[in-house]
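The following pair of complexes shares a single chain, chain A, combined with chain B in the former and chain C in the latter.
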Partner chain A sequence: MLAFQLALRNLLGAGLRTWLNVIVLSFAFIIIIWLKGLLEGWDRQAKNDMINWEIGTGQFWHVSYDPFDPFTLSDSHGTIPDVLTDSVNSGSLVPVLISQGTIYPNGRMQSVLIKGISPEQEVLALPSSKLKSDGVDIPAIIGKSMAESTQLKEGEYVTVRWRDKNGTFDATEIRIAAIFETNVPTVDVGQVWLSIDKVREMMLLPGEATLLITNGEGWQSTDTDEWVFKDQETLLSDIENIIKAKSFVGIIIWAILLMMAMLAVFDTQVLSIFRRQKEIGTYVALGMTRGQVVKLFTIEGAMHSVLAALVAAVYGIPLLALQAIRGISIPVESKDFGIAMAAKLYPVYSLALISGTIIIVLLVTTIVSYWPSRKIARLNPTEALRGRIQ
Partner chain B sequence: MKKIMTLFLIGFGTLQAQLPDGKQILDRIDQNLSSENRVFSSSMIIHGRRATSTVRSKTWTAGQNKSFTEYLFPVREQGTKMLKLEEQLWIYSPSADRIIQIAGHMLRQSVMGSDLSYEDLMEDNKLTDQYNAKITGSEIVDGHNCWVIELTAFVPEIAYQEQKLWVDQERNIPLREEMYAKSGTLLKKTELSDIQRINGRWYPKKIVFKDMLKEGTGTEFIIEEIEFNIPIPEYIFSKASLKK
Partner chain C sequence: MNDEVIIKIEGLKKHFPMGSGRFTALNGIDLSFGRGEFAGLIGPSGSGKTTLLNIIGTLDVPSEGKAIILGESVGDLSAGASASMRKSQLGFIFQSYNLFQVYTVFENVEFPLLLQNIDASKRKKMVLDALEWVGLTDKIKSKPAQLSGGESQRVAIARSMVKRPSIVLADEPTANLDAANSHNVLQTMEKLNRELHTTFIFATHDDKVIGYVRRKIFLFDGKVAKDEKIEQN
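Presenting the complex of A and B:
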């Protein structure tokens, strides 16, 4: 306890030098927590959005389906196996049929993916109920990004051209029944959603699908080779990898900041031991062992991080809380990345993140403080008392 | 009254007798346009929304399944080669010095932003093998008397279910073509002109393709030189020739 009291008194006594170190270290605290919180918030938001808008709890893919190879689309469809038909009828499996096509908004030609989904489905957040047709026209829904790039508005008609399973061209007009707003570009950019029955009719593929979106847990691959089950973890792995890559950049920034703060602490420690040799000699003369003196100086150095945590809390808590509530606006261009990212990100600061950061910084500061303090163990106390530099 | 009816029936019968058989006309068109093989140099003038660009190439085609094209202009496309064998397509890009195989569906994509697909450029299918023809009348196109013929596909795997042709009655070559979707929507229009006599057959040296759903003036396809039924070495249609 004496060591802690002495260390605190010495630290406060050092005045500006201590506070400079503490402030630099507090910046490191705040930035580490902010960066990690931001990535955690993005991770949570992206995964939730993808589950709600695109992947459900998992998907059955037709064996030929490869979302990264549009040229395989015309072969990636098949009849829904008997074992899954009941689940489709009960609504716990939502079939989607995907095909390539072209739309002609305002006389311009644009390639699109034509996706068919049941208007009755309730697994995805898509406003598919708008796809119910009254028989007069063919309703379609598109995302906001798609609407912006094609300049299509609700209620407008646009010509769509496609080739059926035989490769024969066909064309018709569709009505934009609704424009939805989503953070998931993979259900928005370059896509037109129609009723699955209509798409099956257009493609001459009755009863077929490209993928089946699952609702609820406990799904697994069927015995047929034609359909492969992809669980949520697999389907979210892309976004997870992107966030991991971003986390790595965050770690580098974090390491640089921490290193700068540690350099300051290290420098202070070296200078203290050099300038306070008489004091060290006095401690030993008064009966302290060398180990106790080393401990005192180590605690003194490590207490920088305790003070930094307190200072960071004073200005950091309101600042970080404000961002968590109001969110951080992301530039419009980020929508073009092709990954799920909301216009505003809300950082999430978990208890584990805050306590973990404090423990890491405290540990590193303690090690950095101990390193130069080892020299004390080699000091000759009489020489130290005389103030002779050793 | 009987006389009038008799005269009407005779007149109608004479008109029917004057109309040739649609299949015969398609056969004559095929004789003009189709060949065992052909080698041609062409220019494709693509009229975009903002600019016009020209692509020059040389193509070797044998039957319906073998085709090889080398791009000569513009400079950034120079040396690019494409080989089509059956449903497979390979592209060689000199800048990357790599041969890339592309799925058969690529054949349906537009060539360099034009109104033509690779299929349009690289295939030479006979009309008689794909369509039934019905003559619906006659019209004058560019000063030439033409039969108006409606084609309906009898094979399932075909790009256009229906076509309408205006066929020059003297030269047996279409001067205008319209391609329709199954729904009856007009998708594409072609105008064939500069008809010349080449190796005993009539052949159009200029074709204007127009995607009717798209704005713009279409794509001009100009045949600069063409030879029919000449010996083409087999190595031309091999992957090795892509890198040569």
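Presenting the complex of A and C:
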């Protein structure tokens, strides 16, 4: 307790020197927490968007379906098995039929994925109700990125061409009934959404689907060999990997920041031991053991991070809270990242993140403070009393 | 002074490594000090007076011989035991005061009591008493940088005396002071010596100090050249 009391007294007595270190260290605290909070917020937002717009809580895949291999699409469809029919009829499973096609917007040609989904579905956030047809034309919905790249606008018609199950080419005109805005590029870029009944009719695949999407819990694979259940964890693994890769960059920045802050503490400690030789000798003369002086200097160094945490709390809590409420505008298009990224990210600062950061910084500061302080144990007190550099 | 011997030095030698050989700073010292002495180790630079003071103060150990302080052999003390002795029984006064610059006068004097875990109210009383002895009760909130040399040394005296040690070791305490301040400081120490029966041992070559001490031990080349006691009225 005495060592803490003396360390605090020494630190506060040192004035500006202490506060400069404390302020630098507090910046490190705030930036580390902010950076980690931003990544955490991005992670959470990306996953939520993916769940709401694309994957639900799980999907049944046709056994041949491989989203990374477009050549499998012509074979990856099948009749919905009897065990799942009731769920499809009740709306808790939403069938999606996927096919390759081409559209010709403004005289240009573009390959697309034609995706059929029920206009009545409520599992995904897609505005599929716009796909209800009055029989006059074929309504379609596309994402904002798709609309920008094709320069298609709401109400415009575009020709779509496809091959049916027999390999026969056919074409028709579809009307852009709605353009939706989403952060999830995998339901937007290069995709045209139609009513599933229309796609089945176009493909000559009545009652068939490529995927069955659910937002319910407790699903598992059926005993049919044709459909495989993919749970949410599996479906999110790609995004998890991307976030992990981005987190790695975050860790490097985090380490650099921490290192810079620690350099300030280390530098202060090394200088202190040289500059305060006479003081060290006096401590020993007044009855402290050299071990106690090492402890005092170590606590002094480590206390920088305690003070820094307090200072960081004063200006950091309002600053970080404001960002968590208002969000941070991201000037980069989400499609450039390949994963769901909102125009505004809302950092998430968990108790674990804040307490973890404080503990790590405190531990590292203590180590960095102890390291040069060990030299005190080897000092000759009679030489130190005279202020002789040893 | 009474006859109780509190420091007994026998055949004390101290060598320091120097290049490939060694330098002998103390070469067979035999001395003893009783409680309440006001003695000076007098000699030119290099005569061994500071080395002897450091050994008496348990900051250094003999190379040969014995130094028994308050019944404990300095060479046999563990680091903890010697620190404990310094903490409770020994006071130090240095040429350049060695005050903690970031502490106030009160905090400087309080420091030895903090090391002894004395409770706050008792501590405060002891610090104020010590500052009263040296006439600095009006400076308790000042920092050392705001004090004159004489005031700083009086704070150092208060710090050394606040724990009521048996022995105070003063290494050239007046070397940085003018004549008036030197006399003031020496009178203060003499008063404390008489009132509290604390043993004071000075290492000095200052005539002003030599004029105050009641025992003059002349050191030359690490040996006691003369040991002279002055009878008091």
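What to note about this one:
As a convention for this text, the second predicted complex is superposed on the first by the 386 of 390 C-alpha atoms of A that agree within 3 Å, B and C clash if a C-alpha of one lies under 4 Å from a C-alpha of the other, contacts with A are read in each partner's own complex, and residues count from 1 in each chain.
The rule is simple: a residue touches a chain if its C-beta (ideal position, glycine included) is under 8 Å from a C-beta of that chain, and two chains touch if they have at least 3 such contacts.
What you see is a predicted model; the values in this text were computed from it and never measured.
In this overlay on chain A, chain B fits alongside chain C without clashing. Shared-chain residue A:Arg163: touches chain B; no touch with chain C. Using the contact criterion defined above for the overlaid structures, shared-chain residue A:Tyr104 touches chain B, although it does not reach chain C. Touch criterion not met for A:Glu383: it reaches neither chain B nor chain C.
When the two structures are aligned on the shared chain, A:Asp137 is found in touch with neither chain B nor chain C.
Using C-alpha centres, the superposed arrangement gives chain A a vertex angle toward chain B and chain C of 150 degrees, stated as a multiple of 10. Of the two partner chains placed around the shared chain by superposition, chain C is the only one that A:Val284 touches, whereas chain B remains out of contact.
By the touch criterion defined above, A:Ala171 lies against chain B but remains apart from chain C after alignment on the C-alpha atoms of chain A. In the superposition on chain A, contact of A:Leu2 is made with chain C only, not with chain B. After overlaying the two complexes on the shared chain, residue contacts for A:Asn10 are found with chain C alone; chain B is out of touch. Legend: residue contacts after superposition of the two complexes on their common chain; A:Thr72 is shown touching chain B, with no touch to chain C.
The gap separating chain B from chain C in the superposed three-chain model is 72 Å, by closest C-alpha atoms. Comparing the two interfaces of chain A, the one with chain B and the one with chain C have no residue in common.
By the touch criterion stated above, chain B contacts chain A in their complex at residues 49, 102-103, 105-106, 108, 110, 153, 156-161, 179, 181-183, 185, 187, 211, 213-216.
Only residues 50, 54, 57, 59-60, 79-80, 83-84, 86-88, 92, 94, 96, 98, 100-103, 107, 111-112, 114-117, 159 of chain C touch chain A when the two sit together in their complex.
By the touch criterion stated above, chain A contacts chain C in their complex at residues 2, 5-6, 9-10, 12-15, 278-279, 281-282, 284-292, 381-382, 385, 387. Against chain B, in their complex, chain A makes its touches with residues 69, 71-74, 100, 102, 104, 106-109, 159, 161, 163-164, 166-172.
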